[in-house]
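Once you scroll down, you'll see the structures, which are given as structure tokens.
Consider the two complexes below, in which chain A is the common component and chain B and chain C are the respective partners.
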Partner chain A sequence: MGTHDNHTHNFTQEFEFTGKAKTWSLIAIVVGVLAIAFGLYTNAERTFANLLLMSYYFTCVCAAGLFFICLQYVAQAGWSAGLLRIPEAFAKVLPIASVILIIVAASGLLTHNLYHHWHQEGITEVGNPNYDPIIAGKASYLNMPFFLTRMVLLLGIYSIFARVITKFSNNEDLEGGLSSYKKNFKFAIIFLIIFGFTTPLWAFDTIMSLEAHWFSTMFGWYNFAAMWVSGLCTITLTVILLKKSGYMTWINENHLHDLGKFIFAFSIFWTYVWFSQFLLIYYANIPEETVYFYKRWEPAYKPWFWVNIVINFLAPILILMTRDSKRQMNTLMFVCIMLLCGHWLDYYMMIMPGTVAEHRGFGIIEIGTALGFAGLFTFLMLTQLSKKSLVSSNHPFLQESLHHHI
Partner chain B sequence: MSSTKYILGHFEDPDDMMHGIDKLQENNIGIYDVFTPMPIHGIEAKLGVKRSRLPIAAFCFGITGTFTAFSMIYYMLVYDWPMNIGGKPSFAFPDFIPIMFEMTVLFCAFGMVGTFFFANHLFPGRAPRVMDLQATSDRFVIAIDAKANPFPDKIDGLLKEAGAVEIKHNDRKYVSYE
Partner chain C sequence: MSSHHESILREPLITGENITYTKITNDILVPVENKANKAWWIGFTISALGALLWVVAVGYTFWTGIGAWGLNKTVGWAWDITGFVWWVGIGHAGTLISAILLLFRQNWRNSINRSAEAMTIFAVICAATYVVSHMGRPWLAYWPLPLPNQFGSLWVNFNSPLVWDVFAISTYFSVSLVFWYTGLLPDIATVRDRATGLRRRIYSIMSFGWNGSVKTWQRFEAVSLILAGVSTPLVLSVHTIVSMDFATSLVPGWHTTIFPPYFVAGAIFSGFAMVQTLLLVTRKVMNFENYITMFHIESMNKIIILTGSIVGVAYLTELFIAWYSGVEYEQYAFLNRVSGPYWWAYWSMMTCNVISPQLFWLKKVRTSIAASWILSIVVNIGMWFERFVIIVTSLHRDYLPSSWVMFYPSIIDVCVFIGSIGLFFTMFLLFLRVLPAIAMAEVKLLLKSSSDQSKQKLIRDKKVDPEQAEAYLQSLEKYDSVIPKPEYAKI
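Up next, the complex of A and B:
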């Protein structure tokens, strides 16, 4: 029974980042660097598409960690108080992830490997052979200086909030009391408002502008749903792996049940926005809109179009529907890994048809880049995690989290 | 043989009541039911109450709704009266999905409410049956089936010991709102 037990937990326990986790994450980074170097030498455009995919995925997971923390503050949620240090570690990596994403996007833009659909010589000049009236009409928004300014500004704001909120959480450890919690509550509200209005812009810029003729107002929310599901899966996976290595004794199946419910619900939400975008385009059948799905219906992508729905919707809804599967660590771990692969495929389906089109591939470049970024994330996140104790022992809702029972 | 059907132990404090449950269970006295004015964590596990099967009913109602909607739209738009809508085939499955989704939710919600009412004997015109009126305001009540458990004096003693403020020996199972 989860409510009336009197375990003694070691709240000052710190994660030790050594051994296998460190070795394998470093190996993955080396593999990634080699694969990217090989890719840049053989097929620069495809490598840049993969770099964009993984750096965007990486930044999204870190931003989702910050979003998770803020959501818990704003909801004044008690159940999650014992595991907040994990999304905090994600948020601490956000500034580094942002810098990587900005470097990838900017170098792709400047070397014409990415975004050349709207960034070319003379594309907005009337009479130029490259002239494109649609792009010219969008040029006041889609131009290089404004694009880079937006990217730096948005990711900069997110990173500043990540720093501020994790700093107050650290202060809470040192000083105790409620003042840090109250400050974070206030900052969380401000962040959620900013984040809610600006994530669509972030997704429009980074991903949607790869195919700049096409646009969809659902695209921002679609990307947000993908970000949130993959973020939740990463948080859950980290919790499970830490528990399996003997850390975080205060997290039990009730907390995993709640995380599982989150994953279940937001997988459905992802499908909901995915389908809302699809249905409107299908129903209206306007050529300038259907072009997006036309490309994804080509033989090179069609099977993956279906796999995307099966893996991100059908599988989680059927596996996670029962209560027991959410409370079993191994089932939940399997679903998390599956969904993380599924959302890689989701991003792949967003990015590849607009960049490498029918020359898409799945080989050393894709696997190597994905491994490299996964290793980089693991390394940076676990380094941050090992700096503080695994729970904020002065968190006002810690007792509620320990006695969480559903 | 006394005419007592149920023995009701009234408690004013939930911890005393939990203590009373322990006492009775230690003495192998079966508890018929427990009524509390607020939810108490862990009480189901203590009393060995089985998990509700409402989610299974919900799933069945939901899937019925999905298939009802599908059959209905299929019959209307594909079989009975095919129409040209935007040049699409009559069997335009994506268009079916929102309606299938809504019907799933509708059947599931109504079905669950109906099942809940049915299982709890709650429907219009029916006076609700309760074993003790005070259990709905401020008292924590343990009900013991007196026919199944002999030695009512021992039960009274155990309840008193645990801190019961009042013990009732009822000849009728339910009292109703009048």
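Up next, the complex of A and C:
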């Protein structure tokens, strides 16, 4: 590739958020609001389970965007410098996503629609008909004030880092030089340490405590894997859709290839942690632990239990195995959409058996909530994306990214 | 891939002035083509004595039986399996460096992959000796293999993770060996071309007729990438299955779902520490400072903090979930680890594996050769304690308090362990003398794009951004192998 390529790219180009994307995301939000309202009226518990699912998914994708940026800084990655604005837009939405997740969790707790396994009248009082000795044993950790404090604290810290890191990336555009890069390098390290040590708690609290008797040390990393795969898919999908609309001409099949490799590798990683958790519990066959999978092998869930593995493991590994499939936009786009649906199912399998159990459903509430949050994410993310140019043209590794060739 | 557009911010992978392809060959082949120096002979003598100790200790074990060890009725698995897991763990870095870093296109692997892979092979050999010696009757070592036999319906238990281990480790060993040897071919051919007489004949046979044609190089690149793809899941599977030797059981402290990835991270952690221990000495004694630079040392230290912290997250998760589970046995197992009679082992593990590697956050420590070397040994000690803690503290107080005991190693236990270290170093030192310790062909690929001299030229020709050039020059200050500063003043 010659250097003349540079002249054909318009690095100051900004994304214009208008037309179909805007209309459809707003329509999706309206559909979501209506479906949630309908759901709250007809079946509040199921609706709250769906709200938790989607607000958690939404927050995870935004957090994965921030994680992606930090990882690129710390690893001194060059190839990705041309596409960092996309995960930056995700990170900018993280504060809003966090607020929504906190509101859902808090109102679920207060209305006893979520977490009632450990949050009930008299559950820790000896002699009370609701008394549960196992829950009483962990009440010093699982209680409403501490639970909400943790959630606010963790998501608050992540959001602050999202703000700071995107701010310095903006400064880099304005001022040039290396100082913003160096600052972000430091913040990225600090964020990764905090994130690495605290994400397991976030997953234990938000999801694992729905079935408060059950425990698995792997659960934190299992959720991390799901978050990372769905984040990577959303980043890739956004890049592809922008390219299809004529933006980001500097991103070519080499960058898509790398994103595809990441999706391929981390789908396998997700399977690895999923399978390790499953195999060890299955093999040891201890009732306290197998109860989790027992519920998921009830007739209401068993087919989906296996579909989860097919869609999140077999399909991506077979489709993305070849070099060509990772370099073809349409194939990669298909895989991203499939995996985003797949990880919705994965979260569904984590949340529903412990909340609505055999009264699970798949109808207006599920589809509507998912659409609503997808629309909200699209709307907020594209709004943020349209505020800056699509590339950080002073990024020190930009030339490496532009000439990336594999 | 090395690119013409490599950012000037990237630190050099080769330092020194007037480096040419010939000079690289000459520098790296010094230990192979010349008589050994004093340092090598001293090291070799000590290691060979260690290996001799191993022969005596294992011979004694075979002669008298496993009773020579400190095992007892309750703790039937202790020192031996600790040593086994420790060595297998160390045997992870080589393939990680050669395979995973190749997939990630990390060029700095080129200078360290050869000796790391050699180290892997020797570490896996040491691990295998533990398995065989624990069998007590090594002539029956073929029993774990599912071979058709005349013993009636006797067959291996396919449900046992110990059998999975046999497959995982033997496959890993075979593939690592093939990977290592394939990478060696062009370098062995170089040695052959410069040798005469009997040496030439031997290296000629070993080089499999490598002629350096374009076609051989093409096949070489293709096979390296395929082997990297194959070894990546393989290297991760090995310690996963080792962890399942414990985690599939019902023993509190062993049965926990985080074990597979946590063991893998721990293995990479100890493997890199051992690579660091070996290479810091090797580069000094063999004068490889221009090829194994401060950037390599610092990068390995960064991997050590990363994996050490992952292991730290796993330790904390285990502790937390043990409490959170509400299961009395699980809670006691961890209370016993932290504050029971083996508390010193637990806290040695915590200090060496989680706390002391955090010193690498300081750039001063990360780029100090002495500190890196000491910490790498501390990590190796910590990882030995980790396995000891997991194995012994979970077993010595089992479900029946009347059978609670302590484990004390016998002198034979200790001699087998020290001996295995001797065996390892003997093999490694022999390797340094007969094969190129740095992949010459692969390092040469980096000369044009990633060497200090090529970067200095770019700066002199004013082809790079001055601020970035300044940052590059600053990064060189920590190097112990670059030309003194006044040279740069001219720029």
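Simple rule for what comes next: the second predicted complex is superposed on the first by the 399 of 406 C-alpha atoms of A that agree within 3 Å, B and C clash if a C-alpha of one lies under 4 Å from a C-alpha of the other, contacts with A are read in each partner's own complex, and residues count from 1 in each chain.
Criterion: a residue touches a chain if its C-beta (ideal position, glycine included) is under 8 Å from a C-beta of that chain, and two chains touch if they have at least 3 such contacts.
None of the values given here were measured: they were computed from a predicted structure.
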State whether A:Ile86 touches chain B only (first), chain C only (second), both chains, or neither.
neither
Kindly classify A:His405 by the partners it touches after superposition: chain B alone (first), chain C alone (second), both, or neither?
both
Considering only the touch criterion stated at the top, classify A:Pro200 as touching first (chain B), second (chain C), both, or neither.
second
Please name the chain, chain B or chain C, that touches the greater number of residues in chain A.
C
First (chain B), second (chain C), both or neither touched by A:Val273:
second
What is the contact status of A:Glu288 with respect to chain B (first) and chain C (second): first, second, both, or neither?
second
Please indicate which partner A:Ile263 is in contact with in the superposed arrangement: first for chain B, second for chain C, both, or neither.
neither
Identify the partner contact of A:Phe397: answer first if only chain B is touched, second if only chain C is, both if each is, neither if none is.
second
Touch check for A:Ile102: first (chain B), second (chain C), both, or neither?
neither
Output the chain A positions appearing in both contact lists, the one against chain B and the one against chain C.
279, 283, 403, 405
Note: in the complex, chain A contacts chain B through residues 1-4, 275, 278-279, 282-283, 285, 321, 323, 403, 405
With touch defined as at the start, can you tell me which chain A residues reach chain C in the complex?
76, 78, 133-134, 137-138, 141, 177-178, 193, 196-197, 200, 204, 213, 215-221, 261, 268, 272-273, 276-277, 279-281, 283-284, 286, 288, 396-397, 399-400, 402-403, 405-406
Partner chain A, residues of chain C touching it in the complex:
1, 3-7, 9-10, 103, 105, 233, 236, 240, 244, 247-250, 255-261, 309-310, 312-314, 316-318, 321, 323-327, 467-468, 471
Would you tell me which residues of chain B are touching chain A in their complex?
41-42, 45-46, 51, 55, 59, 86-88, 94-95, 97-98
